[in-house]
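So that you can tell them apart, the chains are marked A, B and C in the order they are listed, and the count of residues begins at 1 in each.
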Amino acid sequence: MNKMEKALHELGEMDDLAARSSPIHDMSATAKLLTTIAYIVTVVSFDKYDLSGLIPLVLWPVLLFQLGGIPVRTCFYKLRIVLPLVMAVGLFNPIFDRAPLLFLGSVAVSGGVVSMLTLMLKGVLCLMASFLLMATTPIDCLCASLRTLRVPKTLVTLLLLTYRYVGVMTEELAIMTDAYHLRAPGQKGIHVSAWGSFLGQLLLRSMDRAQELYASMLLRGYHEHFHYAPVKPFTAKDAAYLAVCLGVFALLRFVPVAALLGGALVR
Amino acid sequence: MIEFENVSFSYEKDRPVLRDVSFRIETGEAVGLIGANGAGKSTVMKLLLGLLSGEGRIAVDGVEVRKENLREIRRKLGFVLQNSDNQMFMPTVCEDMMFGPLNYMVSREQAEKKVDEVLAQLGLTELKYRHNHRISGGEKRMAAIATILAMEPEAVLMDEPSSALDPCNRRLVINVIRSLPQTKLITSHDLDMIWDTCSRVILLSGGRVAADGPAREILRDRELLEKHRMELPLRFQS
Amino acid sequence: MHMADALLAPAVAATMYVASGTVAGISIHQLKKDDEPQKLPTMAVTAALVFAGQMINYTIPGTGSSGHMCGGMLLSALLGPQAGFLSMIVILAIQCLFFADGGLMALGANIWNMAFYGCFVGYYLIWRPIVRSHWFGEGKAALRGRIIAASIIGCIVTLQFGAFSVVLETSLSGITELPFGAFVALMQPIHLAIGLVEGLITAAVLTFVFESRPELLRDVEAEAGALPAKRSLKAVIAILAVLALVVGGGLSLLASSNPDGLEWALFGNAEEGYAENMGLDEDDFGLSSKAADTAGSIQESTSFLPDYAFADNDTPVGTTVSGIVGSAMVAGVALLICLAGGFFRKKKHS
């Protein structure tokens, strides 16, 4: 499988997940989008040493994974892009930030270790949140919700159309890449002599394709307006979900729940 | 229903693509438009749909193809593109099928009812909520035909409807075409398919009408076909 | 160069959203004045093409490593800055939503760093002035030369701006302890190399388009009548000079104030062998931040017990223990949720 085929596979996987049905899938996309953003902002706003404050926030994605019936494995595969980046930022912390921050019995834990763990956890949680949004919301519902949130029509239509053709283009390039490597065994990438023509050929063909696509739109009566899938109404249930989530996030942000819980037990 | 009168067209001066093309297609006729590559088949389609404009008179149901009439003309004609990916630009099959009707101010309920009706007619009901980028080539072609039928056109134009299909799907498409009561104009190199679906054939060659007559005569005329760089349908070749 | 959510403070992310959103609004408005309906399909197909095209590995001769194409310059040369900008937004959104490349909250910043500079700076300050100028004389060969020059200079300059913004945003977010100057000195040279490679690839694609269908390129057909450039080349050179000053200033600032920082930056750079991963911007960025933290930490650890060590913890030991116990309880609850979920699903299936 080349890179493009992998990307296609990933796209297909997300489509399949989003097409399932569960209590989370049935929720309005707007409610899900807003809670996701609130969650990410909450996570990111924690102090770099506040690991114990951050930990209870793990429960939200865990709950969503279970309620939505989403396999965790798919999500962890996606971590490969974000995690190295965040790790690289955090990895040297323990070595150079050696000032003891806390003591576990007689063992001192440096600030660097805590801040590294916090940063990594933040990275993982943010990724899980967006992943869960996309794994439970089909792109057309998300776009419809963007429209209700007053995102300009041009941009939403462009997103929908582009998403439609990302698959087509990626597939064509996957085939071209295979065809290239079959005739150029042992080459890792595209040789300099074909730098321009490889993508250029497809680009020219794509321009013709765009013309045909536009013709097809015109022939079916297109004139400036695009009609979208009906938006799932924002029900009282969605409002309640949104309110509860926002409330819980605020609570977890400002009250050190983990510490209090533990404190009650230790005492 | 469709009239071409002395139609000529050229992209560049002195290199005409169509020269003095004239024909009439009556309501309910099924016509195959055949010819070698570059004979001008697509140009005929594009002129008819008002995507290009040339010289001469083209009319649909007595309405001349001109800029101010385009909306009316295009309402009457449904065009199935050769590449279904270019035809289906909405996320799901259902939304794609509703795109045309909604643009012609049909209410959402009516449009959806029409979608269900057409899908049932073609036996594609389970495709309704599928994503266009996730269905197979055969399904895509059928869905593309469905998007056109949902607009209730009076005539259906098709560009290579059987290309790149497996035998089973090809047969399926042929049966669908045969079942359509509308006026049909089909371009193809698949002469067996033309034989199965059309009663009349127009043979274009070098931008001119080289022959126009019953399919069973033209498609069995080896000499005529070979003169214009075509071959007999496979079923007559043994 | 995709920023992740965890590397930005909410305030910075929100600011970048506002900035990018404003530019998007203006772009949409300007586009509507042109023939927008006709442009949408072209924009969508080109955006999809660029999305896929960025996955192609181009072998860099003589190095064994590979580079990638720069989307912003290509899109603005084909579609113009406004349409190109909107297309880039959509590409970045799809990368972030479906491939976890970047983040939902960091999207505003990513749009600014990659799309704004690539399209607006790349087009108005570089592509148009150069292509419409009289560099290399007259005729087709000269025009081809100008296209190549514009692509390369455009990619380098826009990437420099982008890298600088990454530094600025990360620093303002308080994620890195590295002095601003050192961070700049680390990021800019790396992206100079990446920009050169991306520029060469983009130039190759655009010259191919120029040879086959020159009318697809912006400002190229206008060249026949040799329209005077609206902005002189002098302005471009002035901007390049300012940028050089910023980079140079950062370098010297760093060299004088914190030699260790530079050493670490260079050390980290050589060790990582970034060229191997040149295409994966994240790695470069990550690496730089790693080094960034390194250098920052040296400074911190050399000062006697940094004062923030016990920040937000009045009685560190006590809170710590309860924090750990509480976290363990949370983990327990999470486990229970998983078990319950599995139980109910099994029940549903049976």
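Convention: a residue touches a chain if its C-beta (ideal position, glycine included) is under 8 Å from a C-beta of that chain, and two chains touch if they have at least 3 such contacts.
Keep in mind that what you see is a predicted model, and the values were worked out from it rather than measured.
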Chain of greatest Cα-centre distance to chain B: C
A-C or A-B, whichever has more C-beta pairs in contact: A-C
Whole-Å gap between the CA centroids of chain B and chain C: 47
Averaged-CA centre spacing for the pair chain C and chain A, given as whole angstrom: 18
For chain A paired with chain B, centre-to-centre distance based on mean C-alpha positions, whole Å: 42
Touching two or more other chains - residues of chain C: 41, 44
Of all residues in chain B, the ones touching two or more other chains: 89
Chain A: positions in contact with at least two other chains: 11, 161, 163-165, 168, 209, 213, 217, 222-223
Of all residues in chain A, those that touch chain B in their complex: 11-12, 15, 19, 138-140, 160-161, 163-165, 167-168, 209, 212-213, 215-223, 225, 227-230
Chain A - residues contacting chain C, complex: 3-4, 7, 10-11, 14, 36-37, 40-41, 43-45, 47, 49-53, 55-56, 58-59, 62-63, 65-67, 69, 78-79, 81-82, 84-93, 95-104, 111-112, 119, 122-123, 126-127, 129-131, 133-134, 142, 152, 154-155, 157-159, 161-166, 168-170, 172-173, 177, 187-192, 195-204, 206-207, 209-211, 213-214, 217, 222-224, 256-263, 265-266
Residue ranges of chain B touching chain A (in the complex, touch as defined): 49, 51, 71, 74-75, 77-79, 81, 83, 85-92, 95, 98-100, 102-104, 108, 129, 131-134, 147, 151
Chain C residues within the chain A interface of the complex: 4-10, 13, 24-25, 28, 31-32, 36-38, 40-49, 51-53, 55-61, 64, 66, 69, 78, 86-87, 89-91, 93-94, 96-101, 103-105, 175-176, 200-201, 204-209, 212-213, 216, 282-283, 285-287, 289-294, 296-298, 300-301, 305-306, 308-313, 316-331, 333-334, 337-338, 340-342, 345
